[in-house]
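For reference, the structures are reproduced in the following blocks.
Two complexes come next, and they have one chain in common, subunit A, joined by subunit B in the first and subunit C in the second.
This part shows the complex of A and B:
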(Lines of atoms letter the chains of each structure in order from A and count residues from 1; the text may use other names and numbers.)
(Lines give C-alpha, C1' and ligand atoms only; values in the text may rest on other atoms or scores of the structure.)
Protein backbone atom coordinates (compact mmCIF):
# COMPACT_ATOMS: atom_id res chain seq x y z
CA UNK A 1 0.00 0.00 0.00
CA UNK A 2 1.20 3.50 -0.70
CA UNK A 3 0.92 7.04 0.48
CA UNK A 4 -0.95 9.74 -1.41
CA UNK A 5 -0.45 13.39 -0.54
CA UNK A 6 -3.16 15.76 -1.73
CA UNK A 7 -2.67 19.50 -1.58
CA UNK A 8 -5.68 21.75 -2.06
CA UNK A 9 -5.28 25.46 -2.60
CA UNK A 10 -7.88 28.19 -2.66
CA UNK A 11 -10.88 25.87 -2.83
CA UNK A 12 -13.77 27.01 -0.66
CA UNK A 13 -16.22 24.58 0.91
CA UNK A 14 -18.75 23.88 -1.84
CA UNK A 15 -16.14 23.98 -4.61
CA UNK A 16 -15.96 21.02 -6.95
CA UNK A 17 -12.23 20.49 -6.55
CA UNK A 18 -12.45 20.28 -2.75
CA UNK A 19 -15.26 17.74 -3.03
CA UNK A 20 -13.18 15.76 -5.51
CA UNK A 21 -10.12 15.83 -3.26
CA UNK A 22 -12.00 14.50 -0.24
CA UNK A 23 -13.78 11.78 -2.22
CA UNK A 24 -10.47 10.71 -3.75
CA UNK A 25 -8.90 10.59 -0.29
CA UNK A 26 -11.80 8.49 0.96
CA UNK A 27 -11.43 6.03 -1.93
CA UNK A 28 -7.68 5.77 -1.35
CA UNK A 29 -8.07 5.07 2.38
CA UNK A 30 -10.73 2.44 1.61
CA UNK A 31 -8.19 0.70 -0.59
CA UNK A 32 -5.69 0.62 2.28
CA UNK A 33 -3.51 3.58 1.31
CA UNK A 34 -2.43 6.35 3.64
CA UNK A 35 -3.43 9.90 2.74
CA UNK A 36 -2.01 13.23 3.83
CA UNK A 37 -4.37 16.09 3.04
CA UNK A 38 -3.07 19.66 3.01
CA UNK A 39 -5.22 22.78 2.87
CA UNK A 40 -3.92 26.20 1.92
CA UNK A 41 -5.61 29.49 1.14
CA UNK A 42 -9.39 29.38 1.13
CA UNK A 43 -9.34 25.58 1.50
CA UNK A 44 -8.59 26.18 5.20
CA UNK A 45 -12.31 26.93 5.51
CA UNK A 46 -12.67 23.16 5.76
CA UNK A 47 -10.72 23.34 9.05
CA UNK A 48 -13.46 25.34 10.80
CA UNK A 49 -15.62 23.42 13.23
CA UNK A 50 -19.39 23.74 13.46
CA UNK A 51 -20.12 23.08 9.77
CA UNK A 52 -23.70 22.00 9.15
CA UNK A 53 -25.24 19.68 6.59
CA UNK A 54 -27.82 21.09 4.19
CA UNK A 55 -29.76 19.28 1.52
CA UNK A 56 -28.03 19.39 -1.86
CA UNK A 57 -25.02 21.25 -0.48
CA UNK A 58 -21.54 19.97 0.02
CA UNK A 59 -20.91 18.60 3.52
CA UNK A 60 -17.49 17.07 4.05
CA UNK A 61 -17.06 17.32 7.81
CA UNK A 62 -18.57 13.91 8.61
CA UNK A 63 -16.52 12.13 5.96
CA UNK A 64 -13.37 13.78 7.25
CA UNK A 65 -14.03 12.73 10.85
CA UNK A 66 -14.58 9.15 9.67
CA UNK A 67 -11.34 9.29 7.69
CA UNK A 68 -9.40 10.63 10.68
CA UNK A 69 -10.79 7.78 12.80
CA UNK A 70 -9.22 5.21 10.45
CA UNK A 71 -5.73 6.31 11.51
CA UNK A 72 -4.66 6.34 7.85
CA UNK A 73 -5.60 9.92 7.12
CA UNK A 74 -3.98 13.14 8.28
CA UNK A 75 -5.54 16.49 7.51
CA UNK A 76 -3.56 19.65 8.05
CA UNK A 77 -4.40 23.29 7.50
CA UNK A 78 -1.92 26.04 6.76
CA UNK A 79 -1.76 27.85 10.08
CA UNK A 80 -1.00 31.25 8.60
CA UNK A 81 -3.78 30.94 5.99
CA UNK A 82 -6.26 30.03 8.73
CA UNK A 83 -5.19 32.83 11.06
CA UNK A 84 -5.37 35.32 8.19
CA UNK A 85 -9.01 34.31 7.72
CA UNK A 86 -9.83 34.53 11.41
CA UNK A 87 -9.85 30.76 12.06
CA UNK A 88 -7.95 30.20 15.26
CA UNK A 89 -6.69 27.08 17.01
CA UNK A 90 -9.87 26.84 19.09
CA UNK A 91 -11.95 26.87 15.86
CA UNK A 92 -10.23 23.74 14.52
CA UNK A 93 -12.28 20.49 14.55
CA UNK A 94 -10.97 17.55 16.57
CA UNK A 95 -8.26 15.62 14.79
CA UNK A 96 -7.31 18.44 12.43
CA UNK A 97 -3.73 19.68 12.49
CA UNK A 98 -2.41 23.20 11.88
CA UNK A 99 1.15 23.59 10.60
CA UNK A 100 3.33 25.70 8.34
CA UNK A 101 3.80 24.71 4.70
CA UNK A 102 6.93 22.77 5.70
CA UNK A 103 4.54 19.99 6.72
CA UNK A 104 3.18 19.77 3.18
CA UNK A 105 6.63 19.86 1.66
CA UNK A 106 7.87 17.06 3.92
CA UNK A 107 4.78 15.00 3.15
CA UNK A 108 5.26 15.29 -0.61
CA UNK A 109 8.86 14.11 -0.29
CA UNK A 110 7.98 10.75 1.22
CA UNK A 111 4.72 10.24 -0.66
CA UNK A 112 4.36 7.65 -3.42
CA UNK A 113 2.01 9.95 -5.32
CA UNK A 114 1.24 13.66 -5.03
CA UNK A 115 -1.81 15.47 -6.36
CA UNK A 116 -1.49 19.24 -6.08
CA UNK A 117 -4.76 20.96 -6.86
CA UNK A 118 -3.91 24.57 -7.56
CA UNK A 119 -5.98 27.59 -6.80
CA UNK A 120 -6.96 30.72 -8.64
CA UNK B 1 -8.63 17.50 -16.48
CA UNK B 2 -11.29 19.45 -14.60
CA UNK B 3 -12.23 22.13 -17.10
CA UNK B 4 -13.78 22.18 -20.55
CA UNK B 5 -12.63 25.53 -21.93
CA UNK B 6 -9.20 25.89 -20.33
CA UNK B 7 -6.11 23.75 -19.99
CA UNK B 8 -5.76 22.45 -23.55
CA UNK B 9 -2.57 24.48 -24.08
CA UNK B 10 -0.97 22.83 -21.06
CA UNK B 11 -1.84 19.36 -22.30
CA UNK B 12 -0.39 20.25 -25.70
CA UNK B 13 2.94 20.93 -24.00
CA UNK B 14 2.96 17.68 -22.02
CA UNK B 15 5.32 15.00 -23.14
CA UNK B 16 5.21 11.56 -21.57
CA UNK B 17 6.03 7.99 -22.51
CA UNK B 18 2.63 7.01 -21.24
CA UNK B 19 -0.13 9.57 -20.83
CA UNK B 20 -3.49 9.10 -19.17
CA UNK B 21 -6.13 11.81 -18.95
CA UNK B 22 -8.88 11.53 -16.35
CA UNK B 23 -11.83 13.80 -16.97
CA UNK B 24 -13.40 15.07 -13.75
CA UNK B 25 -15.71 17.97 -12.95
CA UNK B 26 -16.53 20.01 -16.03
CA UNK B 27 -13.71 18.22 -17.83
CA UNK B 28 -16.12 15.35 -18.47
CA UNK B 29 -17.65 17.39 -21.31
CA UNK B 30 -14.54 16.49 -23.34
CA UNK B 31 -15.67 12.88 -23.11
CA UNK B 32 -19.11 13.33 -24.61
CA UNK B 33 -19.72 16.76 -26.13
CA UNK B 34 -19.65 17.27 -29.87
CA UNK B 35 -19.35 20.86 -31.06
CA UNK B 36 -20.29 21.29 -34.70
CA UNK B 37 -20.49 17.51 -34.89
CA UNK B 38 -16.87 17.09 -33.83
CA UNK B 39 -15.61 15.44 -30.69
CA UNK B 40 -13.09 17.25 -28.48
CA UNK B 41 -9.70 17.54 -30.17
CA UNK B 42 -8.22 16.42 -26.87
CA UNK B 43 -9.36 12.90 -27.71
CA UNK B 44 -6.99 12.90 -30.70
CA UNK B 45 -4.00 12.91 -28.33
CA UNK B 46 -2.04 9.70 -27.86
CA UNK B 47 -3.34 8.91 -24.40
CA UNK B 48 -5.63 6.70 -22.39
CA UNK B 49 -8.84 8.49 -21.49
CA UNK B 50 -11.04 8.05 -18.44
CA UNK B 51 -14.12 9.89 -17.21
CA UNK B 52 -15.36 9.93 -13.64
CA UNK B 53 -18.83 8.37 -13.61
CA UNK B 54 -20.15 10.43 -10.69
CA UNK B 55 -19.20 13.67 -12.44
CA UNK B 56 -20.59 12.86 -15.89
CA UNK B 57 -23.81 11.40 -14.51
CA UNK B 58 -24.28 14.53 -12.36
CA UNK B 59 -24.22 16.50 -15.62
CA UNK B 60 -26.82 14.33 -17.32
CA UNK B 61 -24.36 12.33 -19.40
CA UNK B 62 -24.67 8.55 -19.49
CA UNK B 63 -21.94 6.00 -20.12
CA UNK B 64 -23.59 5.39 -23.49
CA UNK B 65 -22.94 9.01 -24.46
CA UNK B 66 -19.19 8.73 -23.93
CA UNK B 67 -16.85 8.72 -26.88
CA UNK B 68 -15.65 5.18 -27.59
CA UNK B 69 -12.08 6.21 -26.65
CA UNK B 70 -13.13 7.05 -23.08
CA UNK B 71 -13.53 4.56 -20.26
CA UNK B 72 -15.94 5.25 -17.39
CA UNK B 73 -14.28 4.97 -13.97
CA UNK B 74 -15.26 5.44 -10.32
CA UNK B 75 -13.18 6.95 -7.49
CA UNK B 76 -11.68 3.58 -6.61
CA UNK B 77 -10.56 3.13 -10.20
CA UNK B 78 -8.98 6.59 -10.14
CA UNK B 79 -6.95 5.57 -7.08
CA UNK B 80 -5.73 2.45 -8.87
CA UNK B 81 -4.87 4.41 -12.01
CA UNK B 82 -2.88 6.94 -9.98
CA UNK B 83 -0.94 4.31 -8.02
CA UNK B 84 -0.50 1.61 -10.63
CA UNK B 85 -0.44 3.14 -14.09
CA UNK B 86 1.35 6.51 -13.94
CA UNK B 87 4.29 7.85 -11.95
CA UNK B 88 3.21 11.48 -11.82
CA UNK B 89 -0.15 13.18 -11.49
CA UNK B 90 -1.03 16.76 -12.34
CA UNK B 91 -4.28 18.67 -11.96
CA UNK B 92 -5.42 20.89 -14.82
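This part shows the complex of A and C:
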Protein backbone atom coordinates (compact mmCIF):
# COMPACT_ATOMS: atom_id res chain seq x y z
CA UNK A 1 0.00 0.00 0.00
CA UNK A 2 1.35 3.41 -0.97
CA UNK A 3 0.59 6.98 -0.11
CA UNK A 4 -0.44 9.58 -2.69
CA UNK A 5 -0.54 13.29 -1.88
CA UNK A 6 -2.60 15.44 -4.23
CA UNK A 7 -2.51 19.23 -4.05
CA UNK A 8 -4.64 21.51 -6.13
CA UNK A 9 -5.32 25.22 -6.63
CA UNK A 10 -8.16 24.80 -9.17
CA UNK A 11 -11.75 25.77 -8.52
CA UNK A 12 -14.68 23.34 -8.33
CA UNK A 13 -16.75 25.14 -10.92
CA UNK A 14 -14.96 26.53 -13.96
CA UNK A 15 -12.37 23.81 -14.30
CA UNK A 16 -12.43 20.01 -14.35
CA UNK A 17 -9.09 19.69 -12.61
CA UNK A 18 -10.71 19.00 -9.24
CA UNK A 19 -12.95 16.35 -10.83
CA UNK A 20 -9.85 14.68 -12.25
CA UNK A 21 -8.02 14.90 -8.93
CA UNK A 22 -10.96 13.38 -7.02
CA UNK A 23 -11.34 10.59 -9.61
CA UNK A 24 -7.65 9.80 -9.27
CA UNK A 25 -7.96 9.78 -5.48
CA UNK A 26 -10.94 7.46 -5.73
CA UNK A 27 -9.05 5.05 -7.98
CA UNK A 28 -6.05 5.06 -5.63
CA UNK A 29 -8.19 4.42 -2.53
CA UNK A 30 -10.02 1.58 -4.34
CA UNK A 31 -6.63 -0.02 -4.99
CA UNK A 32 -5.87 0.13 -1.27
CA UNK A 33 -3.65 3.21 -1.21
CA UNK A 34 -3.88 6.12 1.21
CA UNK A 35 -4.55 9.59 -0.19
CA UNK A 36 -3.97 13.02 1.32
CA UNK A 37 -5.87 15.68 -0.62
CA UNK A 38 -4.89 19.35 -0.21
CA UNK A 39 -6.84 22.37 -1.43
CA UNK A 40 -5.42 25.87 -1.70
CA UNK A 41 -6.62 29.02 -3.43
CA UNK A 42 -9.85 28.57 -5.38
CA UNK A 43 -9.83 24.83 -4.67
CA UNK A 44 -11.03 25.60 -1.14
CA UNK A 45 -14.45 26.07 -2.74
CA UNK A 46 -14.68 22.29 -2.45
CA UNK A 47 -14.60 22.70 1.33
CA UNK A 48 -17.92 24.53 1.46
CA UNK A 49 -20.94 22.53 2.57
CA UNK A 50 -24.42 22.81 1.10
CA UNK A 51 -23.43 22.44 -2.52
CA UNK A 52 -26.30 21.47 -4.75
CA UNK A 53 -26.08 18.96 -7.59
CA UNK A 54 -26.89 20.33 -11.04
CA UNK A 55 -26.25 18.43 -14.23
CA UNK A 56 -24.33 21.36 -15.71
CA UNK A 57 -21.82 21.68 -12.86
CA UNK A 58 -19.36 19.45 -11.10
CA UNK A 59 -20.67 17.93 -7.87
CA UNK A 60 -18.15 16.00 -5.82
CA UNK A 61 -19.61 16.15 -2.31
CA UNK A 62 -21.09 12.63 -2.34
CA UNK A 63 -17.92 10.99 -3.67
CA UNK A 64 -15.84 12.84 -1.11
CA UNK A 65 -18.02 11.70 1.80
CA UNK A 66 -17.69 8.11 0.56
CA UNK A 67 -13.93 8.50 0.33
CA UNK A 68 -13.67 9.97 3.84
CA UNK A 69 -15.72 7.03 5.15
CA UNK A 70 -13.06 4.57 3.90
CA UNK A 71 -10.58 5.90 6.47
CA UNK A 72 -7.89 6.01 3.79
CA UNK A 73 -8.60 9.51 2.56
CA UNK A 74 -7.83 12.79 4.29
CA UNK A 75 -9.05 16.03 2.77
CA UNK A 76 -7.65 19.32 4.03
CA UNK A 77 -8.28 22.91 3.04
CA UNK A 78 -5.91 25.82 3.46
CA UNK A 79 -7.42 27.74 6.35
CA UNK A 80 -6.23 31.18 5.21
CA UNK A 81 -7.40 30.60 1.61
CA UNK A 82 -10.84 29.56 2.89
CA UNK A 83 -11.19 32.44 5.35
CA UNK A 84 -10.17 34.91 2.64
CA UNK A 85 -13.11 33.62 0.59
CA UNK A 86 -15.54 33.81 3.50
CA UNK A 87 -15.68 30.04 4.18
CA UNK A 88 -15.41 29.58 7.90
CA UNK A 89 -14.96 26.51 10.08
CA UNK A 90 -18.72 26.09 10.45
CA UNK A 91 -19.09 26.07 6.62
CA UNK A 92 -16.83 23.02 6.29
CA UNK A 93 -18.47 19.69 5.43
CA UNK A 94 -18.15 16.86 7.98
CA UNK A 95 -14.80 15.10 7.86
CA UNK A 96 -12.96 17.95 6.16
CA UNK A 97 -9.89 19.37 7.91
CA UNK A 98 -8.55 22.95 7.82
CA UNK A 99 -4.83 23.58 8.30
CA UNK A 100 -2.03 25.93 7.26
CA UNK A 101 0.15 25.25 4.22
CA UNK A 102 2.84 23.40 6.15
CA UNK A 103 0.38 20.51 6.58
CA UNK A 104 0.60 19.91 2.84
CA UNK A 105 4.39 20.03 2.77
CA UNK A 106 4.51 17.64 5.72
CA UNK A 107 2.25 15.27 3.81
CA UNK A 108 4.71 15.21 0.90
CA UNK A 109 7.47 14.09 3.28
CA UNK A 110 6.49 10.43 3.28
CA UNK A 111 4.34 10.37 0.15
CA UNK A 112 5.29 7.84 -2.49
CA UNK A 113 3.94 10.18 -5.17
CA UNK A 114 2.88 13.83 -5.18
CA UNK A 115 0.55 15.20 -7.83
CA UNK A 116 0.36 18.97 -7.73
CA UNK A 117 -2.17 20.74 -9.92
CA UNK A 118 -0.98 24.30 -9.60
CA UNK A 119 -3.05 25.99 -12.28
CA UNK A 120 -6.41 27.64 -12.05
CA UNK B 1 16.52 11.52 9.88
CA UNK B 2 15.66 12.28 6.29
CA UNK B 3 15.13 15.21 3.99
CA UNK B 4 12.49 15.40 1.27
CA UNK B 5 13.35 17.85 -1.49
CA UNK B 6 10.55 19.73 -3.21
CA UNK B 7 11.11 21.69 -6.41
CA UNK B 8 8.51 24.40 -6.94
CA UNK B 9 8.48 25.39 -10.61
CA UNK B 10 6.80 28.74 -11.18
CA UNK B 11 5.66 29.25 -14.75
CA UNK B 12 2.52 31.36 -14.18
CA UNK B 13 2.26 35.08 -14.76
CA UNK B 14 2.19 37.25 -11.63
CA UNK B 15 -1.20 38.57 -10.48
CA UNK B 16 -3.20 37.03 -13.37
CA UNK B 17 -3.99 34.05 -11.14
CA UNK B 18 -3.02 33.18 -7.58
CA UNK B 19 -0.73 30.33 -8.66
CA UNK B 20 2.69 31.99 -8.43
CA UNK B 21 1.86 33.64 -5.10
CA UNK B 22 0.68 30.27 -3.75
CA UNK B 23 3.88 28.63 -4.99
CA UNK B 24 5.86 31.08 -2.91
CA UNK B 25 3.70 30.88 0.20
CA UNK B 26 3.74 27.07 0.07
CA UNK B 27 7.51 26.97 -0.42
CA UNK B 28 7.98 29.37 2.50
CA UNK B 29 5.74 27.11 4.63
CA UNK B 30 8.55 24.54 4.48
CA UNK B 31 10.12 26.59 7.29
CA UNK B 32 7.47 25.47 9.79
CA UNK B 33 6.84 21.95 8.56
CA UNK B 34 8.86 20.34 11.37
CA UNK B 35 5.92 20.61 13.75
CA UNK B 36 4.35 17.71 11.81
CA UNK B 37 7.53 15.62 11.43
CA UNK B 38 9.82 13.56 13.63
CA UNK B 39 12.96 15.19 15.05
CA UNK B 40 15.61 15.60 12.37
CA UNK B 41 13.26 15.10 9.44
CA UNK B 42 13.05 18.00 7.01
CA UNK B 43 11.24 19.22 3.92
CA UNK B 44 13.49 21.44 1.82
CA UNK B 45 11.96 23.59 -0.90
CA UNK B 46 13.57 25.35 -3.84
CA UNK B 47 11.89 27.73 -6.27
CA UNK B 48 12.64 27.94 -9.98
CA UNK B 49 11.11 30.53 -12.29
CA UNK B 50 10.68 29.53 -15.92
CA UNK B 51 8.75 30.78 -18.96
CA UNK B 52 6.28 33.56 -18.12
CA UNK B 53 7.07 32.83 -14.48
CA UNK B 54 10.28 34.90 -14.64
CA UNK B 55 8.06 38.01 -14.69
CA UNK B 56 7.28 37.31 -11.02
CA UNK B 57 10.87 38.38 -10.28
CA UNK B 58 10.50 41.94 -11.59
CA UNK B 59 11.63 44.65 -9.19
CA UNK B 60 9.45 47.58 -8.18
CA UNK B 61 6.06 45.78 -8.06
CA UNK B 62 3.22 48.03 -6.86
CA UNK B 63 0.63 45.50 -5.63
CA UNK B 64 -0.10 47.42 -2.46
CA UNK B 65 -0.48 50.73 -4.25
CA UNK B 66 -2.86 49.49 -6.95
CA UNK B 67 -4.66 46.51 -5.40
CA UNK B 68 -4.03 46.85 -1.68
CA UNK B 69 -2.29 43.48 -1.54
CA UNK B 70 1.26 42.40 -0.77
CA UNK B 71 3.56 42.03 -3.75
CA UNK B 72 4.92 38.79 -5.12
CA UNK B 73 8.26 40.56 -5.01
CA UNK B 74 7.87 40.78 -1.22
CA UNK B 75 7.25 37.04 -0.96
CA UNK B 76 10.19 36.35 -3.27
CA UNK B 77 12.35 38.51 -1.04
CA UNK B 78 11.21 36.53 2.00
CA UNK B 79 12.18 33.30 0.27
CA UNK B 80 15.71 34.67 -0.14
CA UNK B 81 15.76 35.89 3.45
CA UNK B 82 15.00 32.30 4.48
CA UNK B 83 17.99 31.05 2.45
CA UNK B 84 15.82 29.20 -0.04
CA UNK B 85 17.49 28.15 -3.27
CA UNK B 86 16.11 30.38 -6.03
CA UNK B 87 16.80 29.70 -9.71
CA UNK B 88 15.74 31.98 -12.57
CA UNK B 89 15.87 30.75 -16.14
CA UNK B 90 18.37 32.80 -18.17
CA UNK B 91 16.90 31.91 -21.57
CA UNK B 92 13.47 33.15 -20.47
CA UNK B 93 14.90 36.36 -18.99
CA UNK B 94 16.63 36.97 -22.34
CA UNK B 95 13.35 36.33 -24.14
CA UNK B 96 11.73 39.19 -22.19
CA UNK B 97 14.80 41.42 -22.43
CA UNK B 98 15.24 41.29 -18.65
CA UNK B 99 18.59 41.61 -16.96
CA UNK B 100 19.97 41.15 -13.45
CA UNK B 101 19.37 44.89 -12.87
CA UNK B 102 15.63 44.64 -13.51
CA UNK B 103 14.83 41.62 -11.34
CA UNK B 104 14.96 40.83 -7.65
CA UNK B 105 18.30 39.20 -6.94
CA UNK B 106 18.70 39.53 -3.18
CA UNK B 107 17.08 40.51 0.11
CA UNK B 108 20.03 42.46 1.47
CA UNK B 109 17.85 45.38 2.59
CA UNK B 110 16.02 43.09 5.04
CA UNK B 111 19.07 41.13 6.15
CA UNK B 112 19.15 38.35 3.54
CA UNK B 113 22.52 36.78 2.84
CA UNK B 114 21.98 34.72 -0.27
CA UNK B 115 21.31 35.73 -3.88
CA UNK B 116 19.04 34.35 -6.54
CA UNK B 117 20.79 32.39 -9.29
CA UNK B 118 20.31 33.13 -12.97
CA UNK B 119 20.94 29.80 -14.65
CA UNK B 120 20.33 28.03 -17.93
CA UNK B 121 17.27 25.80 -18.21
CA UNK B 122 19.52 22.74 -18.01
CA UNK B 123 20.40 23.71 -14.43
CA UNK B 124 16.72 23.93 -13.55
CA UNK B 125 16.25 20.52 -15.11
CA UNK B 126 19.00 19.17 -12.84
CA UNK B 127 17.20 20.73 -9.86
CA UNK B 128 14.05 18.84 -10.87
CA UNK B 129 15.98 15.60 -11.30
CA UNK B 130 17.43 15.78 -7.80
CA UNK B 131 14.10 16.66 -6.16
CA UNK B 132 11.85 14.02 -4.64
CA UNK B 133 8.76 15.81 -5.91
CA UNK B 134 8.12 18.53 -8.48
CA UNK B 135 5.30 21.04 -7.92
CA UNK B 136 4.46 23.06 -11.03
CA UNK B 137 2.52 26.26 -10.40
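Definition applied: the second predicted complex is superposed on the first by the 114 of 120 C-alpha atoms of A that agree within 3 Å, B and C clash if a C-alpha of one lies under 4 Å from a C-alpha of the other, contacts with A are read in each partner's own complex, and residues count from 1 in each chain.
Convention: a residue touches a chain if its C-beta (ideal position, glycine included) is under 8 Å from a C-beta of that chain, and two chains touch if they have at least 3 such contacts.
Bear in mind that the values here come from a model prediction, so they are computed numbers and not experimental data.
When both complexes are overlaid on chain A, the residue A:17 reaches subunit B alone and has no touch with subunit C. Once chain A of one complex is fitted onto chain A of the other, the partner contacts of A:119 are limited to subunit C, with no touch recorded for subunit B. Look at A:100: by the touch rule set out above, it reaches subunit C but stays clear of subunit B. Contact with subunit B, but none with subunit C, is seen for A:2 once the two complexes are overlaid on the shared chain. Residue contacts after overlaying the shared chain place A:111 against subunit C, while subunit B stays out of touching range. Touch criterion met: A:40 reaches subunit C, while subunit B stays clear of it. Using the contact criterion defined above for the overlaid structures, shared-chain residue A:26 touches subunit B, although it does not reach subunit C. In the superposition on chain A, the residues of subunit A touched by subunit B in one structure and by subunit C in the other are 113-114, 116, 118. Of all the residues in subunit C, the ones that touch subunit A in their complex are 2, 4, 6, 12, 17-19, 22-23, 25-26, 29-33, 35-37, 41, 43, 45, 132-137. Every residue of subunit B that touches subunit A in the complex is listed here, in rising order: 2, 24-26, 54-55, 74-76, 78-80, 82-83, 89-91. Across the interface of their complex, subunit B is touched by residues 2, 4, 16-17, 20, 23-24, 26-28, 30-31, 33, 112-118 of subunit A. Touching subunit C in their complex are the following residues of subunit A: 7, 9, 40-42, 100-106, 108-111, 113-114, 116, 118-120.
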